[in-house]
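Look for chain A in each of the two complexes below; its partner is chain B in the first and chain C in the second.
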Partner chain A sequence: MGQREIYGERGSVLESLKEGRTGEAIDHFRGGLAAYLLLLPTLVVSLVFLYYPALRAVELSLYQTLMFGARRSYVGLGNYVSLATSSTYQWSVIITVVFAAIVVVGVMGFSLVVSFLLHEIEIGKSAYLIAAIWPYALPPAVAGIVFLFLIHPTIGMFTSVIEGLTPLTVDWFSRGRQAFLVVTIAVIWKQIGYNVIFMIAGMNNVPKTLTEAAELDGVSRWNRLLRIYVPLISPTLLFLVVMNTIYAFFGTFAFIDLMTQGGPGGATNIMIFDLYRNAFEFNNHGLASAQSVILFAIVSVLMYAQLRLSDRHVHYG
Partner chain B sequence: MSKTTVTRHLPDSITRAEIDGTLRSDRLWLHVGLFLSVLLMALPLLLAFVISLQSRGVITSVSQLSFDRAFENYRAVLIDYNMGRYMFNSFVMSIVIVVGKLAISLLAALAIVYYRFPFKNFMFMVILLTLMLPVPVRIVPLFELVAGLGWANTFLALTIPYLASATTVFLLRQHFLSIPVSLVEQAKLDGIGPIKFLVYVLIPMSKGMIAGVCVIMFIYAWNQYLWPLIIIDSQEMQVSQVGIRLLQGVVETGDIAWPIVMAGSIVTLIPPLLVLVLFRRPLLETFGVQQK
Partner chain C sequence: MTTITLENVTKRFEDVTAVESIDLEVEDGEFLVVVGPSGCGKSTTLRMLAGLESVSEGRIYIGGRDVTGLDPKDRNVSMVFQNYALYPHMTAERNMTFGMKSAGSFSDDEIERRVSEAAETLGIGDLLARKPAELSGGERQRVALGRALVRDPEVFLMDEPLSNLDAKLRVQMRAELAKLHGELETTTVYVTHDQTEAMTLGDRVVVMNDGEIQQVDTAQYLYDYPNNQFVAGFIGEPAMNMVGVEVEGTDGETVVSHPGFRIRLPETDELRRFDAGRAVLGVRPEDLSIVETDGDGADTFVATVTVTEPLGDSLLLYCEVEGDELQVQSAPRSAIEPGDPVTLTVDRDRLHLFDRETRAAVYHSDGTRARTPEVTATAETDD
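Showing the complex of A and B:
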């Protein structure tokens, strides 16, 4: 199976956009009208529920919402100016970027070691594989609530272990840094399965002869991971950097909502949670739409980066 | 790789027995490392499961464990606290999304691979670029639109906005392109129309890929949280992810009833976990993992 199939999700889509090919080699059934009828359901849903609301968000972002959503007036880029000058929003952007960076490094570091161990063993491989990828199915809400309970400052089981073994006091309901750390760990936990799946797929594609030669030359296992596997699966790793960043930005709402509500003191108020609060707690639809547009800009840049970078780092396939 | 090649590269003083011993202990360490890693990953869930069987959430020693309430907790969470209803809603939502997405994506992929029509590349782009529009990017207008259609608190709101799928169309297209052209020629000679071709040729030839895509779609749909949270405010229509949030309000003797909340979390995890375990082969193949 080629490199392109490995990227199952979004990555492969970009590869194909770049190709600009849609399979014109095969051309068997006639009738443009029939083709459009077949495309119609997908196109209608895409236009009505995806493109239209996205464009409408751009429009709404130019209006100021008054009286809790009852009225609105045109303010041009006023909402964007408010966001740029709001210290709450600036803080939210900073912690989201830091959060995404830690999630990406944390989940990929842990998953890389697990994937490599899994790749190296022979006995019990399929049992280990399922034991390593199951968090792919883990609902974020479940991951969040389980961590909330296990490391609860007063009753958590992890809390008593941590406080027994170290001089630390677990107090993340009032200490921002601790809250940030706890949320990050839960968020990483959920994403391990996805990363292991793609890393294993990448490692399976590395030619056996190459690693056997290294083994004979006495290259240690650790060095084989760093010097052979990591460079050779770098396209997969780059793809995962982008996917994990998108996950950190867009897929972590449930964790914040269940664990911290953005607190304490805004320490976990990541952009998507701030957007939700502006939209549905304060009914400030104009401001929230401006935040949506900013998130769209971020996801576009990430996708574009993925497209550009994968060009330069392809070592095989 | 034969043993003799190994010895040639090693100093003479090392004997065969020593090499075998080193290799064995090396492999043992791999297993220890891997076992500890997967145990670490499973630990939070194992503890959550144990607590879900207890009568109280605070356990400080093993002697306090008692399993008298095990069945009662699950009965209570499913019936008294409505989790059964939320899970039913999640099932309907997920099944409709999987079937609907698959159906309309099959049609779209059929058109894209086997037809020639004007603006084909552009249309394919229109479908693919929806990847850049996750729910948060359009949440306020989507909410206004769906509420304006009168769909709030209905299955229409929970399913229809999810039906267009760039990923599914793309994966199916990739798979269709790998089907030998000669088969298509044969079908054409036999006078088979496009829909028959889809049903009798393409679908049977894509079973594994379709199964894998269905697993991805099911897990994705089941785990949705933000959209149901805002568009559903009637408890009867809520899904189990948001049900977990509602369980946080269950209070016994002044504290959150943690065993009940953990039982709710476990039942919410079971369907996607079961799907993953049962269909791991097609899922992994779809992601490009070859299994021996």
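Showing the complex of A and C:
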């Protein structure tokens, strides 16, 4: 095996030099240099805006801060200890995990059914598709406000309908469970469009003859979805599980901020919102940094677990 | 008894007519091959039989039962697809059993028995635990056949099942399919664009073009007595030579006349009735032969060789005669070179005349009556 096979482009530079072909070596090096130059903008942006701030956040989490970090004192793991012993924070973690689980399962399940119906329907397909994707086109803040007014306890469009048809009293400004439910539904509703786009694309990639073979075999629609489509689009589904998890943990901030402010009574106080309040309302940047590090760790572990588990269940055609 | 009847079946896609008023009868246990060029409507016809395409007009009967509006699953047919359509995430065995298990009308023992029978018939017993990606093209095709077999359908529908295989494997699978049909005797409709497959496999062959049936007959009959110029050109490799000629009747003798040759035609009633004057002469390359005379004899003429193609078992010559090209199949290992003049003669019993306008066959020189398309579409088999 030559250097090229082992070390790629750089290997071939070495190989050329060894064999005394300096001109060729320079050509190879120029080729490699061009590649690094092309990567440079992305590398710079990543370093400046992602990796450096991330490292600074880890550093900041070891300090107690005042005035946006202008004054700070080293407390070691003090922030982490106080978080671990705070019942408010413990509750926030539990709420967040439950919230994320419901959001991921809800979004995926609902989107799968919607996508399958869209895939099967023959008349008016485009109109239905646009209707399904529409909420995704809204920025989260707008979506949050739209949903707020749809189901506002006093002026919501759907409020009187729900109260008329069910024995429920819509009062999610003061009832924790209702608030949690409303925010969860809003967050799921917003994300369906994104999932439908990918799922429809995945289903359209399933060879038509497989559907026809199943039709000839008398496989029911439901079985066709669960036994044929879901396994065949499993790489897409894995991608969506990851994206939806990130969305549930990080992308739902606007909904909480606009609709419930983490309340009532901390019922919707998810980690990303709690973190924001500590940082920007209570100016406790050290503690907020520690929270962001913990949030990052939880999501990382989840990603790792999802990817490891999926090795056994995802079918790459 | 599973016969298939298509009555006046038409399929339109918006303003395109894919299949035009087809009438066809498939007999019980018959292996019927539908052949034609791309876009001739053969696959659409098969898909209408399967229920995968709706019928715009007409009725389809399977085993005497009107299935025109039925779902595919209620027709009791199995289909083998060109790309096999195996579920890539399932093992070969699961591919074969999935449909039966989903349908729910078979017991586990019954399914197991049928799978092992089918696996034995097709020689895929040791492949059952593998997924399609771990199988070769031929093995996949066997599994796809197995999936069709286990359901014990009334009708097999095959949509170019051998097209994705390499040439050698295709010949091998062709023989196996013929053997399998011999054992099972299930009514089979097989679609292909390959005329060799059609000729070798079919009890009868349906030739289609432009959404219409051109001729239905046994392979040999199609070859010997094509209904029209399309069938004559499509069936047979190399294709039949077609040359525009004048038909002249003098002294009780009919002659086809071309600037490069004159050939006397054996008299038949049809020829006596033919008075169009101009026609297209059809003669197959193997019915032209080289003679060792100087070209003055009756029914011989001189042509110039332009291209030679050695085929191993024969030598195919492209000859030019007064602006027209004739392909001639001659003996192999001859020393003929491009540019050489050759003296040709024809087998006078193997000549065909086609109408220049309608392109229909008007005369076969051995006296067999040229059939009209209306007659052949519903003709009885000759065997």
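Following the convention adopted for this analysis, the second predicted complex is superposed on the first by the 261 of 317 C-alpha atoms of A that agree within 3 Å, B and C clash if a C-alpha of one lies under 4 Å from a C-alpha of the other, contacts with A are read in each partner's own complex, and residues count from 1 in each chain.
As a working rule, a contact is a pair of C-beta atoms (placed from the backbone, for glycine too) under 8 Å apart; a residue touches a chain by one contact, two chains touch by 3 or more.
Being a predicted model, the structure only gives us computed values, none of them experimental.
In the superposed model, A:L258 makes contact with chain B only, not with chain C. In the superposition on chain A, A:S220 contacts chain C only, with no contact to chain B. When the shared chain is aligned, chain B and chain C each come close enough to touch A:E212.
Contact with chain B, but none with chain C, is seen for A:V146 once the two complexes are overlaid on the shared chain. In the superposition on chain A, no contact is made by A:V75 with either chain B or chain C. When the two structures are aligned on the shared chain, A:V114 is found in touch with chain B, with no touch to chain C.
The wider contact with chain A, measured as residues touched, comes from B rather than the other of chain B and chain C. In the superposition on chain A, contact of A:I162 is made with neither chain B nor chain C. Once the two complexes are laid over each other on the shared chain, residue contacts for A:Y136 go to chain B alone; chain C is not touched. In the superposition on chain A, no contact is made by A:L181 with either chain B or chain C. Residue overlap on chain A between the chain B contacts of one complex and the chain C contacts of the other covers 212, 215-218.
The part of chain A that touches chain B in the complex is made up of residues 1, 4-10, 12-13, 16-17, 20, 22-32, 34-36, 38-39, 41-43, 45-46, 48-54, 56-57, 60, 110, 113-114, 117-118, 120-121, 123-124, 126, 128-142, 145-147, 149-150, 155, 157, 160, 189, 192, 197-198, 200-201, 204, 212, 215-218, 221, 246, 250, 253-254, 257-258, 272, 275-276, 279-280, 285, 288-289, 292-293, 295-296, 299-300, 303.
Partner chain A is touched in their complex by these residues of chain B: 1, 5-6, 9-10, 26-27, 30-31, 33-34, 37-38, 41-42, 44-45, 47-48, 51, 57-60, 103-105, 107-108, 110-118, 120-121, 123-128, 130-145, 160-161, 163-167, 169-171, 173-174, 176-177, 181, 184-185, 187-188, 193-194, 197, 216, 219, 222-223, 225-226, 229-230, 241-242, 244-245, 248, 255, 258, 261-262, 265, 268-269, 272-273, 275-277, 280, 284, 286-291.
Residue ranges on chain C touching chain A, taken from their complex, read 50-52, 71-73, 77-79, 81, 83, 85, 87-89, 98-100, 102-103, 133, 147, 151.
In the complex of the two chains, the chain A residues touching chain C come out as 207, 209-210, 212-220, 223, 227-228, 231-232, 315, 317.
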